[in-house]
Amino acid sequence: MRTTVLEYDLSKIVELARQGKRVDGRAFEEARDFTLELGMCKNAESSARIIMGETQVIAGIKMGVDKPYPDNPDEGAISCGAELLALAHSEYEAGPPSLDEIEIARVVDRGIRESKAIDFTKLCIKEGESCWIAFMDFYAINSGGNLFDAGSIAGLAAFLTAKIPKLDENNKIIKHEYQGKLELKRLPLLTTFVKIGGQILVDPTYLEEKASEARFSVATTDDGLMSAMQKGPGSFTLEEINKMIDLGFKVADERRKKLLKEVKE
Amino acid sequence: MRTTVLEYDLSKIVELARQGKRVDGRAFEEARDFTLELGMCKNAESSARIIMGETQVIAGIKMGVDKPYPDNPDEGAISCGAELLALAHSEYEAGPPSLDEIEIARVVDRGIRESKAIDFTKLCIKEGESCWIAFMDFYAINSGGNLFDAGSIAGLAAFLTAKIPKLDENNKIIKHEYQGKLELKRLPLLTTFVKIGGQILVDPTYLEEKASEARFSVATTDDGLMSAMQKGPGSFTLEEINKMIDLGFKVADERRKKLLKEVKE
Amino acid sequence: MRTTVLEYDLSKIVELARQGKRVDGRAFEEARDFTLELGMCKNAESSARIIMGETQVIAGIKMGVDKPYPDNPDEGAISCGAELLALAHSEYEAGPPSLDEIEIARVVDRGIRESKAIDFTKLCIKEGESCWIAFMDFYAINSGGNLFDAGSIAGLAAFLTAKIPKLDENNKIIKHEYQGKLELKRLPLLTTFVKIGGQILVDPTYLEEKASEARFSVATTDDGLMSAMQKGPGSFTLEEINKMIDLGFKVADERRKKLLKEVKE
Amino acid sequence: MSGRVRENMPDYKKDKKRVDGRKMDELRPLSIKVGVIPNADGSAYLEWGQNKVYAAVYGPREALPKHTQNPLKANIKVTYRMATFSVPERKQPRPNRRDMEISKVLGEALDKAVFTEQFPNTEIAVFVEVIDSNAGSRVACLTAASCAMADAGIPMKDMVAATGVGKAFGELIVDLNKDEEDAFDAVDIPFAILPNTKEIVLLQMDGLLKKSEWSEIAKLGYVACEKIYEIQKKALSEKYQLSEVSQKLIEDKSVSKSGEKDSAKIKKESKGKAKKVRK
Amino acid sequence: MSGRVRENMPDYKKDKKRVDGRKMDELRPLSIKVGVIPNADGSAYLEWGQNKVYAAVYGPREALPKHTQNPLKANIKVTYRMATFSVPERKQPRPNRRDMEISKVLGEALDKAVFTEQFPNTEIAVFVEVIDSNAGSRVACLTAASCAMADAGIPMKDMVAATGVGKAFGELIVDLNKDEEDAFDAVDIPFAILPNTKEIVLLQMDGLLKKSEWSEIAKLGYVACEKIYEIQKKALSEKYQLSEVSQKLIEDKSVSKSGEKDSAKIKKESKGKAKKVRK
Amino acid sequence: MSGRVRENMPDYKKDKKRVDGRKMDELRPLSIKVGVIPNADGSAYLEWGQNKVYAAVYGPREALPKHTQNPLKANIKVTYRMATFSVPERKQPRPNRRDMEISKVLGEALDKAVFTEQFPNTEIAVFVEVIDSNAGSRVACLTAASCAMADAGIPMKDMVAATGVGKAFGELIVDLNKDEEDAFDAVDIPFAILPNTKEIVLLQMDGLLKKSEWSEIAKLGYVACEKIYEIQKKALSEKYQLSEVSQKLIEDKSVSKSGEKDSAKIKKESKGKAKKVRK
């Protein structure tokens, strides 16, 4: 483990949290602002770059044609991947997916999939024979904490702007021609919290994650539903969980508003 | 190598063997008794749990539909796998198959396959198009020596009790409905020996395996044939091999009787 | 890194190069002679063994039937692999392809593929449905330097002598029966150089490779064209590159003559 | 998973009972036996409805390779695996991403239960193997692993009691089975607590839920976990609370056993194996 | 790749301009920004036509595992990867043989630019990630990596300036795009130099070419690399040559930054991190 | 493999000769040449019927990683591989389970032939590569590896002589070829001995056999191995039995050889490599 984090920094963060403060001056329930850039990758069916504090993430979607699962012959599918690029932090290494990468990809995936945001039957091309798979992959470019939420925002932006390619008579994709867009029925977003010194902080930075004793994420939708939860390390009381869920709705609403504004522009 | 085996224990075992004794009081040609439990895994087409001294093994079969090999368009196939779970001994590790796992799986596989116990043409569904593959996998739950024989007994029990699922018109398996059973033409069982202090011992315990200078297994059938042999480490004289083959027939007959009794109950 | 190379040997080689000499007495622009043996592997569609100084390489081709790429429905393909067997040098290890193996395979592959030596449409069996893939693999048996060129010569010899199997009505290969030969439109060969002590040496030995500060390969054809270049470690001036290209044409012509003589015998 | 309406589907609000006849807050039959794997430092076998799982604990032992050692605490490392025949359609033997995520969250749940700071630089390796399954295998494994931990004599703040909770066919329920997990409105929530402190140590959720429903479900979860906790404690006491005579016997054996271990420890310092403190 | 004649294909000799309107020796628009990845010791983001790549440098740091250490020099280790969505047909996430070969040749090109002998037993890890592509991604990455190296303050003999050169539709051209790379007569030559010494540090070739054509192409390459070199230097100066006030500000920060690093170095010897020497 | 009766199949009892014209106890032509791989400490090339294999020995050398070292003996590690073109249908390059099992049993066979206790903490790495095959490649490799071991000057109790024995088309035979291996009644028995002590060091069996048949087959195996042993010794003597003068030279060197080994061991503990005595 190559680590550049000093124990000194971490205990300072804990000390500050006990005093009700954060290193970057934010309130505990205050998420970082973000900027969103869309469509910069021309080979992708959609792409989104988010910068949120020091955290930078890029997400993109490629649409592929495949055979439907025998269990759901009239449905397409989505697939979410996450890569914490060695580019993004000295702690990361190139190689097979780490546990962290697998967890973050699956939590973001569930947030979207289990909210039934996408009607998979609309991804069917021909029942039992061919369907669309929407591959959304996101990459950490700089790891500045809370890749869960950054990946969720970038991922949702990518799904919201993804175009469906045209097909020729042999179901082969015609490059750079599109028949329409992916439709989303609801817009789930993840909100992530850590506990430091007994306090609940939203949208942690990299060092806050390192200093934290527990982590929790909740995905909420624009129609007021929860669509995924994931506790990471540590433990929470039920009261803490409930507080985070309430705050999660609030933070996700704000982020969703900002995201939709960018998408519409 | 994390090992908890003390050299002291091993030299004691060798010393005892030279005196004609075993730690657990058995005679050299005496195999351990075993208990067999069948059918406890409901998702499996068959399952068998064997406890033989400290050795515990679980075997199960799943039937899958696949395309036949071009060379044998009217035949199905079997596939045997073995996993020495990290659960079963502090020496084992989770990870890709070890040489020991590969050898044990292949020896058990050959014991069954090469005895022509299964008529592969009966596993054909439609010539050149679809056939059954019987996947038998067994797992060491506690490694107490002689996983070869335990795997062979559990594996044979699984093959003997395996049900063949019903198929719908698209050759898709209908869950929990069965059209019949696998048929076995003969019943091969493996018997394994070690040489310790120049003596031949049947059905070794874990420590006896560690203390042994050589290992040998022979598969024999109920119609009096040999169907597989495998020498492990070490060397044997022809006289020793012949003695083990004779004893192998005897031990396998006893085990087979017990196994059939359980299967019929 | 297990290495048997002494620093002493390497500095001696550099010293000699500065004096215009090589350990084995060759001139800088003098390639080693080689012997070529063809067709010794009966299961292969063609095979070639080359011994060039201490370097020994064996190449062979297997022809397989596959589906054409959707982009090129009326074309077959070639595939080149290289393995630096652990047999061939104490520095090599069995395992997944090393960077060196990948580079050498891809450079030999490009030398042949990009010269358009093979008309891929002649490897089409039925448009959009089936085509030939010519798998050429070569193996270092003893690593004595310049496996690039040895692989290129052996590989070209294998392509030049490869037979195309007969197919039955189901497009299954009929063993040991052939319908004709692969045809090559031109004959590209790779020539490799190193720079030692500022001097350019063709066809380096193993120790010369180790002592070298830079490496360069160029593939040239019998109709006077360049078909591939690859700079390895180090740097060259344009003048050096041009000198190597000129020499590359010359060396390749000599090797080609010898190779064709062997093929015709 | 598909989320589409099926014909003839149950309506729990109307039916007042579940597809398998259970009440809404009723657990499937659960039985646990500890000490079933002699080679392990601690172990348990659990049957919970159709789920059947083994758990084994090895350690605390030196964490290897060295760079994984934490000088402040033991690493809890859980390996969750499923037998190929434990699911309706054969599972590939190689671990998939789901296996790896579950291993991670189970380790994070157990970590809170153990006094890990007592065993710096070591790992406590927990292996759980599912041999048959029908929804809820991860909470079955966590419940079993917790018993195996206790069986290994590893100092713990509390046991971890785990269950599935959630929603299906219109009702909030505990311990979902496969039919319920596949309901059009299914919400599946693996849920685990330390019963003494009520801390939540495992919490995941799939599906669409109102906040108010979650509050109800959490209550169901606490009650269910208490029941599971009792079964866990009973399983441990069945092994360890014996007649005085057998008790004596065990103690003698256990002395000679730890005696051997001590000498082993002297010989090879590399073994950070802790002495076992049986309840 | 197929090399077959296409209908309605362009004829550059006749057209006097390229499919995208460029002159034969004209580069696609190229912009570089350094210092974009705060965690990295040095970094750059580059857009070159449709190509978009990130480069990050970490090190010099202790080379691990130990047996990879070279007591005479730093190992330059380049990892070239492409995002799954950076190509027309989705790329598999796992690195393929092309990725690995490119990583190797880029490392060999950068090696010549760096005073590696100043940092024995260390590695300088360079990561380049392509997020969009259209022919020439490897030279885009090399150009970006070279800027990231300079941004990291790693002592260099010179920058590496890289471009594609070659032939398409009958003409010798620089900076081929995808249409040109797919021409029936395409020859693609990744080409890189150290501009000060004119040394060639990257040279690969695909396709059929006369020696005389190569001589012309090499000339085009040198001229193009000089242009790229100017853009690289400008990108670095944009970060570092600021008004005196801001300059002062940066220096202050940079002092306190290296101060922190020194103390870190004292605490943990395992970090072979070099002090940064900004231009 | 299929075990079904084929039409027009041979009847060895009636034919009195085999499909390739051999007698029942006749080996295919076998030739061995040692010392063919200059880089190896010992090597051999063997042609046996259509089988063509190389064997190379490296070591004794320090076993790495360290935890694989055995303080009591050298590890014999065999790596058996087949070239992609060595079989009728192209073999995948990556080793399969068969390759790995064969590597294991060959290593166990060689282990008994070597005075492994003389080289604690080392490995003797044996690589065997099949470049053409037609039944019996593993015994061909074992026979070749044994010669390569001797060529490497590794102290051996005896050579290992190996052959296939078994049954096909109604008769008990030695050295089965591919047609025979595919016979409806085929029994294939890889068989190897140390000729001096008659110890059996390799024994595997596939197929259905009576005990009495096995007894006959074993006799055939011993006789065949003696013949192979003679060919092995001849191959070694062709390299090493020279005029008395050269013989003397070798002996002298060979004395200095073990002397050198000791001193080499002192100088670099990491190198267990024996020095080579070339012609």
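Residue numbering begins at 1 within each chain, and the chains themselves are lettered A, B, C, D, E and F in the order written.
What we mean here is this: a contact is a pair of C-beta atoms (placed from the backbone, for glycine too) under 8 Å apart; a residue touches a chain by one contact, two chains touch by 3 or more.
Keep in mind the model is a prediction, meaning the values are calculated, not measured.
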Touch-network distance, chain E to chain F, counted in steps: 2
Graph distance between chain D and chain F, where chains that touch are linked: 2
Same-interface partner of A-E, chosen from the options C-F, B-F or A-D, over half of the pairs matching: C-F
Centroid comparison with chain F (C-alpha atoms), farthest chain: A
Geometric centre distance via CA averages, chain E-chain D, whole Å: 51
Distance between the centres, which are taken as Cα means, of chain E and chain C, whole angstrom: 29
Chain B-chain E separation of Cα centroids, rounded to whole Å: 57
Sites on chain B at which at least two other chains make contact: none
Overlap residues in chain D, where contacts from two or more other chains coincide: none
Chain-level touch network, classified as line, ring, star, complete or other: ring
Ring of chains, enumerated from chain A in the sense that reaches chain E first: A, E, C, F, B, D
Contact footprint of chain A on chain D as seen in their complex: 1-3, 67-68, 97-98, 100-101, 103-105, 108, 111-112, 189, 194, 198-211, 214-215, 218, 222
Interfacial residue positions of chain B with respect to chain F in the complex: 1, 71-72, 75, 97, 99, 102-103, 105-106, 110, 114-116, 120, 216, 218, 221, 224-238, 241-242, 245-246, 249
Chain B-facing residues of chain D, complex: 36-40, 43, 50, 52, 54-56, 58, 61, 64, 79, 81, 83-90, 93-95, 125, 127-129, 131-134, 260, 264, 270-271
Contacting residues of chain B [partner chain D, same complex]: 2, 4, 6, 40-45, 47, 54, 56, 58, 60-62, 64, 81, 83, 85-90, 94, 96, 135, 137, 139, 141-144, 173, 175
